[in-house]
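A, B, C, D, E, F, G and H label the chains in the order they appear, each numbered from 1.
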Amino acid sequence: MEVDAALARVRHMPFEDLGFAKLDHHRELRHGMPEVVLAKGKTPDQVVTIAGRLLEVSQNVLITRSEASVAERLKQSFPAAEYFPLSGAIRFWRDKTLRGKGKIAVVCAGTSDIPVAEEAQITAEVMGNEVEAIYDVGVAGIHRLIESSLRLAAARVVVVCAGMEGALPSVVGGLVSCPVIAVPTSVGYGASFHGLAALLGMLNSCASNVTVVNIDNGFGAGYVASLINRL
Amino acid sequence: MEVDAALARVRHMPFEDLGFAKLDHHRELRHGMPEVVLAKGKTPDQVVTIAGRLLEVSQNVLITRSEASVAERLKQSFPAAEYFPLSGAIRFWRDKTLRGKGKIAVVCAGTSDIPVAEEAQITAEVMGNEVEAIYDVGVAGIHRLIESSLRLAAARVVVVCAGMEGALPSVVGGLVSCPVIAVPTSVGYGASFHGLAALLGMLNSCASNVTVVNIDNGFGAGYVASLINRL
Amino acid sequence: MEVDAALARVRHMPFEDLGFAKLDHHRELRHGMPEVVLAKGKTPDQVVTIAGRLLEVSQNVLITRSEASVAERLKQSFPAAEYFPLSGAIRFWRDKTLRGKGKIAVVCAGTSDIPVAEEAQITAEVMGNEVEAIYDVGVAGIHRLIESSLRLAAARVVVVCAGMEGALPSVVGGLVSCPVIAVPTSVGYGASFHGLAALLGMLNSCASNVTVVNIDNGFGAGYVASLINRL
Amino acid sequence: MEVDAALARVRHMPFEDLGFAKLDHHRELRHGMPEVVLAKGKTPDQVVTIAGRLLEVSQNVLITRSEASVAERLKQSFPAAEYFPLSGAIRFWRDKTLRGKGKIAVVCAGTSDIPVAEEAQITAEVMGNEVEAIYDVGVAGIHRLIESSLRLAAARVVVVCAGMEGALPSVVGGLVSCPVIAVPTSVGYGASFHGLAALLGMLNSCASNVTVVNIDNGFGAGYVASLINRL
Amino acid sequence: MEVDAALARVRHMPFEDLGFAKLDHHRELRHGMPEVVLAKGKTPDQVVTIAGRLLEVSQNVLITRSEASVAERLKQSFPAAEYFPLSGAIRFWRDKTLRGKGKIAVVCAGTSDIPVAEEAQITAEVMGNEVEAIYDVGVAGIHRLIESSLRLAAARVVVVCAGMEGALPSVVGGLVSCPVIAVPTSVGYGASFHGLAALLGMLNSCASNVTVVNIDNGFGAGYVASLINRL
Amino acid sequence: MEVDAALARVRHMPFEDLGFAKLDHHRELRHGMPEVVLAKGKTPDQVVTIAGRLLEVSQNVLITRSEASVAERLKQSFPAAEYFPLSGAIRFWRDKTLRGKGKIAVVCAGTSDIPVAEEAQITAEVMGNEVEAIYDVGVAGIHRLIESSLRLAAARVVVVCAGMEGALPSVVGGLVSCPVIAVPTSVGYGASFHGLAALLGMLNSCASNVTVVNIDNGFGAGYVASLINRL
Amino acid sequence: MEVDAALARVRHMPFEDLGFAKLDHHRELRHGMPEVVLAKGKTPDQVVTIAGRLLEVSQNVLITRSEASVAERLKQSFPAAEYFPLSGAIRFWRDKTLRGKGKIAVVCAGTSDIPVAEEAQITAEVMGNEVEAIYDVGVAGIHRLIESSLRLAAARVVVVCAGMEGALPSVVGGLVSCPVIAVPTSVGYGASFHGLAALLGMLNSCASNVTVVNIDNGFGAGYVASLINRL
Amino acid sequence: MEVDAALARVRHMPFEDLGFAKLDHHRELRHGMPEVVLAKGKTPDQVVTIAGRLLEVSQNVLITRSEASVAERLKQSFPAAEYFPLSGAIRFWRDKTLRGKGKIAVVCAGTSDIPVAEEAQITAEVMGNEVEAIYDVGVAGIHRLIESSLRLAAARVVVVCAGMEGALPSVVGGLVSCPVIAVPTSVGYGASFHGLAALLGMLNSCASNVTVVNIDNGFGAGYVASLINRL
């Protein structure tokens, strides 16, 4: 019985085969989830082809880690494209319905972490959330963070981006009682090992409400924060 | 203004100083959060002293990674102690009010991952959640997972524990649309490097709804899942 | 006795000395094995000289990881050269005899893994095999993989290329009963550490029928798959 | 159409749920594949319970990495149990039908690698293969290997176990034209890093016919060799 | 000229040769520096012999990482020996002259870090310093740290011991303007990798006044802090 | 009481919010500490904006890791800018008051380490110290170091920069009795792993007076040396 | 021609097959080279059997990394056995002919490195060399090393054993003009990572006359030093 | 006494101070040792200045890892400069006296390893040795190596350069009885990790006569081989 129902569910997940890519279209069916494309590792032609197909079936489309040239090509056909050069994101945000129940705070430790924070913010917005951005509040100037603590406490989910020692999520985690999604960034040099130091720090956070995504994965953090904010 | 309000908030966070430990008591104030003690790295005397103090101010107390002997000592004074030898958890679960709005599914890939899954389950329960346990559904037998997919889809949050290649969260992530918290376990040998392989796999998950906690950190996963399930 | 026979065998392995390279010619003697050159790390002149000599003694020659300019130079003398820019392979496929007893399936997880899959496919073809290519069936969309499972089950050997978490070989391994050769790719970012995450994942696969080759080594996977398919 | 057939196939994969484990029984259906249990990480009770169930449905059962005490308990109920203390394998080999088409050579570099080679040999035998064991032929005494080269060349598949620098598979790979499955072992000290040196060496083998399994994974190598030898 | 003076200086550095050890005695000449022995890696006999010799020429002797049995043996001959079982230090503190110009604060993040903090404190004391111990002020409860911030600000040098994510030195570094010596501890599990996470975090501290010593090297931190406090 | 005083202290730490950066201005209040900007990871516009603001409130400003073009832009508005192309530092040194009580020696092992040593020297100077530079005294030519040992012994703090095996701080540490700050540099190749070898060497120094900063962090070393030299 | 001569050479390398081991006997033919057995990883029975066979054909036999019990068993049959408990070496030194042309100096940095130095010394002696042992001359007390520099300069080859930062070979390398063989030891804690720090340091030595062997491989260093000393 | 003699020796080691470099001139005093400069990490001006000074005092000068432009500049003033573009070496070889007592064999595994082998060869030659170059004899074609085994056996020292799995030194080590210096190269891709795999392999060599230098350090290997060949 249960198996049959389960298989029926799998049976009806639609996708479209472009040869070099198989596009899932059921995501959009879940009430306004954007289609998302990771441009890195794909040829410009592949990105444009995929984006074009998705824009036919979906209101909102997000392309991450893209070259400016792809944004240019898309803008010519689809003037709604917004390009964010710091993070390389391209956003088509045609359905701006708010779906999140509260605010998502996106926090970053230093100015150099802003590109990652921006990716998280763009993702959360295109998924229907109001975002509170709090930048440059690294832990070595704790008074700057405390000054922001009420805004943090007002959020329903918090995304924290930090490179170097990656200590910020632990401190933020102690200041709020909601889930904190930590994003290690590759900001730093030497023994930061391209974000490894921050990643390990966040995984070992002494704050119990912290989970972690991949280095520089602002998109993933914004995505999960949005899922949580819909609950 | 804002600074003053923020500082006032910090001002009123109470804690108790035992010399070797400073106990936070405001957690309990947040409606039924249990007090938690990590026994690993503390002497038995320290664990017993801390636990004794917490049991005076809190209904529910969770002690993780404990030796059996500590459980014995606590049971003599506090017969309500439950000891779970696989995970080493000791639980005082005196207030069983349900606080979660839905079910939390706790999934594990193999029999050897059960200790970690158990820690997640115990944590989620003591924090007021109903848990659906789905064990031994590793990805090399995908039919076992598909058979469970409806139960998975019914959960509001999913915790997935897996060692070795740590692939299960990605597959589960694609089968559900809610947040998935991945727990790499140290199960495996050789190039699993005590959970590193699973950890890296989960951080690189191609499923967008996956966040990760530390290796073997069933507690952290259960804790965050509980926070999400209260929203 | 046995030693003498063994030494006699070594005695009669012919090779040709170019000074900077010693070319083995006995491979071709084994019924249609192509000569193979790894261009990476050699100067263009060295590659062209070696290739020229091999084309005199062998029907099929495969050059991997080559610059386009070398392909151009070779095409002028040997118009039969095919160049594959995604993988950098140059193929001389003059003897197209089928030598494999069944099909080899070449599977990849995402669009970005195609260059590696292509290298495996080209290798398997030039060694006399029919290849079934199944692309973009990553584990986070398990329905796409299940849709392809009959084609997978029809193969005599399966090559699976995946970056990021490298989970696909485990799932494929459970769906087929033939040998699976896993190729980790360097696709990903951050904690993928240039393919290390996928490599470790595959080495720890819970599917018993999986063996692994080096990161991005599509050639090696296609080569071994071909050897197996001749048995 | 294709999807329905694929799902039907998944639909009919039987398994049995013991709560802490879900036992796949379709492996036996594939003509004499043994059931296999990895004892490491399971409690003795779990191993005994699982083994007992499998022995009811399967002629041949292999338990790897087991303590002697479990072997004792099993022998009392099932006197057919063979225990191999070097590797910790327990074998129930009740159906000795030969299913492999040729010989499998199992080679090891030094005396200390024998436990891993033994695991490979036991696995290959219980899966219906004749095994040629060639031990202590490390590359620093190449004459010992050359003396064995005719026996190597007579094999249909070769398994090579080596610790320390892990160089043996490359040399063996050059001496034979069949597939070689390399097993790095944790034999060594210092910069062998528990088998990492051998593992990396094998993954970078300059012999094209080499694939690799996890450190100390004699079982996996024997398993895949058996699959290949049936083709 | 300069060379001759330099060589004359080297010429007059006295030491005593025990065969298995060469004891430097000029340290004591520098006004009350204790002689120090690292017991780890030496046989008990070697430790006792060295300690005996040093006690003849020096008022204060510190032995670190020692077994209790060595302390027992030393106490019998030298009743002044103090043994600290948490850190394994043995202290002979016969000259208690204060030599530091201010206070040294020794801070630790959690109860499990106390053994390392204790080693730092004992070292600083035997070198003639007054120590302010501030324990269990981890960053996830920032109010506990802020409560201690005046005591921190009153110190002339601060030693900070922390395991897990090792974030505490960065926060402390921002609260004080004096030098901070960070000691990563091996406290933690999983991806703490025996203190590596904390070490990397501290090396990447965004606070400019932080330097770092080896994992668990409370002695080194206490030693350098003492040197600084004499200036 | 204590909490209120502590909070009051935090309350009065001023900063200025530029949106992408929050500038701390209380550093300058501490008697001539320069404002410092790490240019790496910031856009040229951000660096110029921040520098412009800081130059309004602070006599001395140090910008590290900067492109030449930013120096050019700043020089046009502020002709006092000095640019150091080896290290990429830009210095505004308008208040040259000496604040250090003694000399700081800055030592480097090889010519290739000079850029890092230069960063340390520039930092120490702008913070009011006299610097003794001792270059190219690597340990394989110990006579060169001994020749400099009197100048070393005359310093109140020593900064030692070394790449490759990073052995110099240990030898220097034994020649002086003051604090030594070790800076591993990324100089080297192969198994230096971009400074990791030197970093590990320095952390394991057998000289007790050595602490360590991040790879190539000449700034940090100069900064802490300056703090110590003010004591 | 050349091939035939080469093969004839391989043809005549004798060895003896014990099943679990193949013993090379041609080493002894090379004028007094001892037979060597690494006990680690072999069962006591295997060690005793191999040693017994070797003692029949060779004057000198060296067994490294052995348990005391094996030494006991061998002493009963062969009273000439010497057991060295620090390093675990067992030596049969029946032919004490001097074969080295000069002295080999064996140097170690600290008392804890003596077991590794002892293994080197025993090896060099049993291979017919006079050894000059210079212990506890770590680089932080450079005067102790300089005091020994004439004895160092008198050696024909130098072996240097050091753990922790592994700096000693670089300094020794600069003081002598003969080959230096560096042995990293696993002495240290924390970021020594079981000898990795010392290993990396030595590989990056700025002294050109240094080569390196595996961590704790005193035997290998003594062996190569002996080969060089015979030239 | 001994100390005074030792210090006198240090006293008379001459060097010349250029400010950014301190040039040792006593090397030349040791009968024809060339002066050596590592160009990598130095500015072109520094290299040219140092080389110019050395050419005044030394017959033979070797500059390694240099850009072509520096060679051009040097050739204009000193037409004797030879530039080797594969390895980047510049050689001034004005005194061609043979000082080695036998031949040095320089062996490499593949064509891509030639640049490193070339650096070893050039070094050995400029230090007065006759070199036997044996290229492209990787272990997967063992017949090619055996064909060269007599030439190998005729050498007094052997240098072996290999990337990828780095297995060649172990096989060569077993074929000769003289010292073997292994040079891991960065040739390879994926899990070769820029030479780490080859390095670890060589450190774990089962051949006792192998020592190792840094990745790509052909110079170091040629240097030590030359020292040995003078003995």
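Basically, a contact is a pair of C-beta atoms (placed from the backbone, for glycine too) under 8 Å apart; a residue touches a chain by one contact, two chains touch by 3 or more.
A quick note: this is a predicted structure, and the numbers were derived from the prediction, not measured.
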Touching both chain A and chain D (chains): B, C
Distance-maximising chain from chain A - centres being C-alpha averages: G
Most remote chain, CA-based centroid, reference being chain D: F
Chain D onto chain G, rotation angle from CA fit, given as a multiple of 5 degrees: 90
Chain centre separation in whole Å, for chain H relative to chain F (CA means): 36
Whole-Å gap separating chain A and chain B, where each centre is the average of the chain's CA atoms: 25
Geometric centre distance via CA averages, chain H-chain D, whole Å: 44
Shared interface positions of chain D, touching two or more other chains: 3, 7, 10-11, 110, 141-142, 146, 163, 190-192, 196, 199, 203-204, 208, 214-215
Touch relationships between chains, expressed as pairs: A-B, A-C, A-D, A-E, A-F, B-C, B-D, B-E, B-F, C-D, C-G, C-H, D-G, D-H, E-F, E-G, E-H, F-G, F-H, G-H
List of chain D residues in touch with chain A within their complex: 3-4, 7, 10-11
Interfacial residue positions of chain F with respect to chain G in the complex: 109-110, 138-142, 146, 163-167, 170-171, 173-175, 188, 190-193, 196-198, 200-208
Chain H to chain C touching residues, read off their complex: 110-112, 114, 135-137, 141-144, 146, 163, 187, 189-192
Touch list for chain H against partner chain G, complex: 2-3, 5-7, 9-10, 30, 33, 36, 101, 146-150, 153, 156, 177-179, 181, 199, 203-204, 208-215, 219-221, 223-224, 227-229, 231
Residues on chain D engaged by chain B in the complex (per definition of touch): 10-11, 13, 15, 19-22, 24, 38, 40-42, 46, 65, 184, 186, 194-196, 199, 214-217
